[in-house]
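One chain, subunit A, appears in both complexes that follow, with subunit B as partner in the first and subunit C in the second.
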Partner chain A sequence: MKTETAPEASAAPPAAEPRPPTRALPVWANPRLGLLIVIAVLVALFSSLTPAFLDPRLTLAPLQADISVYAVVGLAQLAVLSLGHMNMAVGRMAALSTFAMGLAYDRLGVPLLVGLLVGLAVGAGIGALAGLLIAKTGVNSFVVTLALDFGLLGLVTILYTWATGGVSFAVQPSGLSALRFDTFADYCMGEVCGPRIPLVVPIAVAAALGVGLLFRRARLGREILMTGSNPVAAELSGIPTHRRVVAAHALSGLLAALAGFLLAANNGAFSATIGESFLLPSFLAPVLGGTLLAGGAVSVLGTALGATLTQVIYKGLNLLQFSLEELKLYIGLVLLAALSLDRLRAVLAERRAVSPS
Partner chain B sequence: MRSLIRTNEFTLAVIAALGFAALAVATDFNLLTAGTLDAFLRFLALPIVIGLAQMVVLAVGQMNLSVGVLTGFCAMASGWLMIDAGLPAPVAVLAALALGAVVGLVNGLLVIFTRINGFIVTLATMTILEGLRYGVNGTGTYQGYSPGLREFGQASLAGVPVVFLLAVASAVAVALFFRRTVPGRHLLASGGNPFAARLSGISNDRALVLAHTLSGLLAGFAAVIVVAAFGSVNASIGDDLLLPSFAAPIIGGVALAGGMISVTGTVLAAFLVRLVDVSQSQFDINRRWVDLIIGAVVLGAVLLGQFRDKLSGGTR
Partner chain C sequence: MSVVLAAEKLVKTFPGVRALDEATLTVTAGSVHALLGENGAGKSTLIKILTGVYRPDGGQLRLPGPDGQPRTVQLGNPQDAQRAGIGVVHQERNLIPAFSVAENICLQHLPRRAGLVDRAALRTEARRCLELLDLDLDPDLPVSRLSVAQLQLVEIAKALSADSTVLLLDEPTASLTNDEADRLYGIVRRLSERGHATVLVSHKLEEVFAIADTVTVLRDGRSVAEAEPLAEHSREEIVDLMVGRAYQQVHLAARAVAADVEPALALDHVATAAGHHDVSLTVRPGEIVGLYGLVGAGRSELAKALLGLDRITTGEVRVHGRPARIRDVGDALHRYRIGYVTENRKEEGLFLDQTVARNTAVTVWRRLARLGLVRDRSERTLVDEYADRLGIRLASPDQHAGQLSGGNQQKVSLAKWLAADCDVLIIDEPTVGIDVRTKGAFHELIAGLAARGMAILLISSDLPEMVTLADRIAVMREFAIVGELDNDHDYERMSQSVIRFIHDGQGVVA
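Our next item is the complex of A and B:
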């Protein structure tokens, strides 16, 4: 059962502790550990209820592909949560970027990688635009990205109608179906075949690693976190806070574009509906993983685990023949329960620690 | 007089009047015929109330993401009460209002007891309510309920739809609440500066709970309008209300940080959005252009407000 959690779990280090450990907090106060236990319990529960949950080809491989998409979606939100900002347009940024990818494949016939780069550039560009508007005007990020979401919602549909006459591109760039259907088990060197992990998983792991390293080791990432934690102090320490805001939003757009690409690969089509389901999961994953909305602290590993938890619940309940709407009920309840427990744990931990921050 | 002209509300009122006049001329005064005007105002009721529902939580610096879905849930619940439980319409109406208020109360209590950001709490309750809303009747539609209620939804008083008058009445009530009553002033004080409010003996927790309850109540009221005016309800009601609920107060000049509201601005902004909507149907424009335009208007309004604040040197 380690298959779908292991890649992310081993790959991405937690980028920053939610609060500085004054005197080493007890182990149970680590939200990531709690998530891991909940995931393990749910997986055990689902597999005992329906053996189909452990089917490697029909369940586990698609599950890993889904987790990859939503972990990257979560990272896209995390990139701006680090500032204490929000990106309400995360889904529509993905939609616009995948439109650019589809257009490049369709009209220019570019190879898979080039189209991806075009999409990522568009995503980063639109993200940077949002960041620029926020930094220059000082308007709340929620309002700016909400307005942007409205605008892009219209724009994307208009663009698709203009370019395709419908809602999706018919083009299938070579290599897309491999990303969609193949797992490493299809590639053998002699007798030795890879594990049954879809090809999209390493892309998500690489993204998580990159974001984790950025926020933990890179100067840019640390400066973004400091800007999020205390903009005035950051400004006074000589950090160009405006540029850091733009950078964080550009990163968010870039990751949204990547998530859009992964979803397009999973669905096998570049269509206007990509990104419609991104908004809620984009907050679920980082928040479940212990990232605060206040900014200044992020947890990349937590985000990956949060995405895993939500997708395990979706998949499990789906196999148990729950309808999509019923799923939402339980996801919401799990979110509330997880957050309340987290709060309780934090309170208890603070009581134990000598000087809580 | 000058101070009046420089207010956000005045700008909005001028834009609304100009827009309305322009649209009337462009449609060869079709807009002013009884039928069209009636429909214009009838479907203006919902955006006004939903905008107010969001505004009351913005007043304390909170957000309520569940407002649209809650409207849908209350509408479905009252449909269930009338059709499946066979209760009379007044009971169903009161139940919708009570249900909205109770869900709002739960939102508020969750916010103060868990100390989790209201955005996240209502995100979670929104998800839960989406499931519940669907659970009432699946994908089925409730229609053919109480003829009296539907007639009420179509009724007009001196040429003005009753539901629109009700929406305006609720706006007046909300305005009076914030302007004249002690709890209303407490809400604004708490939203403006929680620390100062606490030192003056105001309970911030109580303000949060009250704001969320009021927001839920208004969402319940919006559900009553939907049930009465639309004539049928299904589980998709409320899906397209979340963004307009923010658009109206934000265009209307309500600060997200809390402590400042504008009922007139919110109502005028709802009017403007409705104006864009009607132009779309009158001229057969692609529905998507409307979203694009509203997005641009929201952003423009915010930038304009920022610009004006800078001009007046922040002496607000």
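Our next item is the complex of A and C:
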């Protein structure tokens, strides 16, 4: 591979940034800026408390790999939050998709990329199925995906037992270990080597760019947002709302599959436990980043920053040798504080920008 | 007469706008006080100050204290306003559908006993409020089972439940039929006999002259008439005060419609799953056909069935002479070039939390997109063009539609169909809740569209509007067309004929 400068994990796409709601909003009301400041403060804090936090190989590279996984997990949820929907099956969709990838590598011996595509197709398919059920029955997305999650939980276990006799594939397709261990610093052109950024990072960045482009510029993404904003008006404006619902859920499944693949690459195994830790972070990243649960507006950059914040907290507390229980407690507290601050700022901004009617 | 509410020299500024500029409102006990003004004159801001939503930047509010002497008060929030005796009925319904009538009425001060709701006291209190209105309603009925008119009355009962001395009614009859409105007027009169003061905000001058006795007119944030007896003013004077110039009835240029042209839209003995039967109607290019009827006659339902939102069971729809099977709005737009400007702009027409640019371009992204991507520049060009053509006042195309005034919102919901380049446009109640001047502009606009060859089916409950605009008027009653008239623009004669159709409900006259 040739040496090239990979984009920074945090250098999220400018295209992903939705336009601010009004020109009147002050700069400090931008939730992305607040996140960036909180992240910077925490990084400074953690590095002063434990210099190991800045260790490029032991801390920073794995941190970037984790951020990549959870940013894509957040995007998977963002895809349906755009409609004001939820995907409670985001983890299990990832599990089913990575099973398909593992099976393809194990039984068919396909190259890394082909297996990935198979898994993405499975993810998109199961997401589309969820979307179809929601659109056709009119049942709440929360209920449909929760039921689907339950069903998939059983299915994934059965499939792994059937295919492997255990809970993971022993297979290691060629290229997977490079994705797992290598950074661009391992690829040099003469004396010049790349930065110490894991190879999975550009995959996540590409996904973020793609999703940003979709919701910012593409007719499809905009029509999904309009459907989320006001489904009745969307239908009466000639938008095929059912098809847009299916598309958003298919995208959610596809991104869940991609996140599953990135996690499998980081872990070095295609196992049944993939996706178990996805559900809560999938909501945290977009919501911290300013995406509304109500639908109609998304922020891809915010989602990337939200994922970064949660992983920085996690990594920092971990290095400071907090126990797993303490870790969960403190992460919960920090996130509550971050969300309250965010709400406070939004309220203040609204007061300022109140418009005459 | 004692003053029950005095707003003195109120000032309220928003970034870039002085919404109220020393506005004054003085209301006396037992009066029905009309608060008039065009959209953007400051009525809503004034009401929001009176109900504690906004705090004024200047001026003061004086209300009688317990001793009857006026005292300056600060209303920090809506609860303060309620405690001060100001009850409000907003234009939007604010009831909780699953709760009972009694619970809704007493929502802000549920009677409690030992920490639980005292159901017996709740019912007694609700009955008392309902009796103030001579309203015979079961307090235990869930609100979701009530008609629109009943909801309105429950809202009033709710506003009165806190012993309000002043009742603010914001466009109270916008969604009521004439009979229901008459009943409401009766209630308002009775309340005033009992000493309650009512502040009536309305765009309907007939209504104002029917029940109000005093009037305050706002223009550009100032009171241009302050608590003047209404009897001393004619309608024309009031409109002059609101508009700030002599208002002239729009006389639209006569349009000639070729009689031998194939109709752009033709309905032939159509029946629908919504309950329409035997509906026949034609609209030729360049023609405005009015579909008149009372609220609930089935006009909007017909429009929606035409667009495929309800099934057409028998009969035939033809577009430019060819039989049409319209599956949905997208189909209507892209295959048959039919657009529908909805009646209900906030719920059905607009995306309030989206930009004006997106609201306008939503119907044309298909055309603007290259390889599935839409360029902001092409979208902006389009918005600029229509903002210019329709006179939409925008701070920026990135403004949210929800931030615009009612008239501008209505223009945006029309703009998206003009941008979509339709041959046939169904326009449903285009000027409800819109001020006089904008209404005139709308009429000119619609006539202009027809003059350029568009076929327009105009649904309206506003008979003067019908007589001003339509070439022919079809009258609908109980989901059937009961008559059709050529419009000779003589208001007296036309209104008599139309009303006869609605009462007799039979006979087709050419």
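Methods note: the second predicted complex is superposed on the first by the 331 of 357 C-alpha atoms of A that agree within 3 Å, B and C clash if a C-alpha of one lies under 4 Å from a C-alpha of the other, contacts with A are read in each partner's own complex, and residues count from 1 in each chain.
One rule holds for everything that comes next: a contact is a pair of C-beta atoms (placed from the backbone, for glycine too) under 8 Å apart; a residue touches a chain by one contact, two chains touch by 3 or more.
The structure displayed is predicted, hence computed values, not measured ones.
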Report for A:V211: first if it touches subunit B alone, second if subunit C alone, otherwise both or neither. neither
For A:I39, is the partner it touches subunit B (first), subunit C (second), both, or none of the two (neither)? neither
Now for A:V298: first (subunit B), second (subunit C), both, or neither, which partner does it touch? neither
Between subunit B (first) and subunit C (second), which, if any, makes contact with A:V90: first, second, both or neither? neither
Residues of subunit C that touch subunit A when the two form their complex: 12, 14-15, 17, 19, 40, 44-45, 48, 54, 307, 309, 328-330, 332-334, 340, 342, 347-355, 358, 362-363, 365-366, 368-369, 372-376, 395-396, 398-400, 403, 405, 416, 420
Any idea which subunit A residues touch subunit C in the complex? 19-24, 213, 217-220, 222-223, 225-226, 229-230, 232-240, 296-297, 352-357
Contact set on subunit A toward subunit B in their complex: 86, 133, 137-140, 142-144, 146-155, 157-158, 161, 280, 283, 287, 293-294, 323, 325-333, 335-336, 339-340, 343
Within the complex, subunit A is touched by subunit B residues 63, 110, 114-117, 119-121, 123-135, 235, 243, 246-247, 250, 256-257, 286, 288-296, 298-299, 302-303, 306
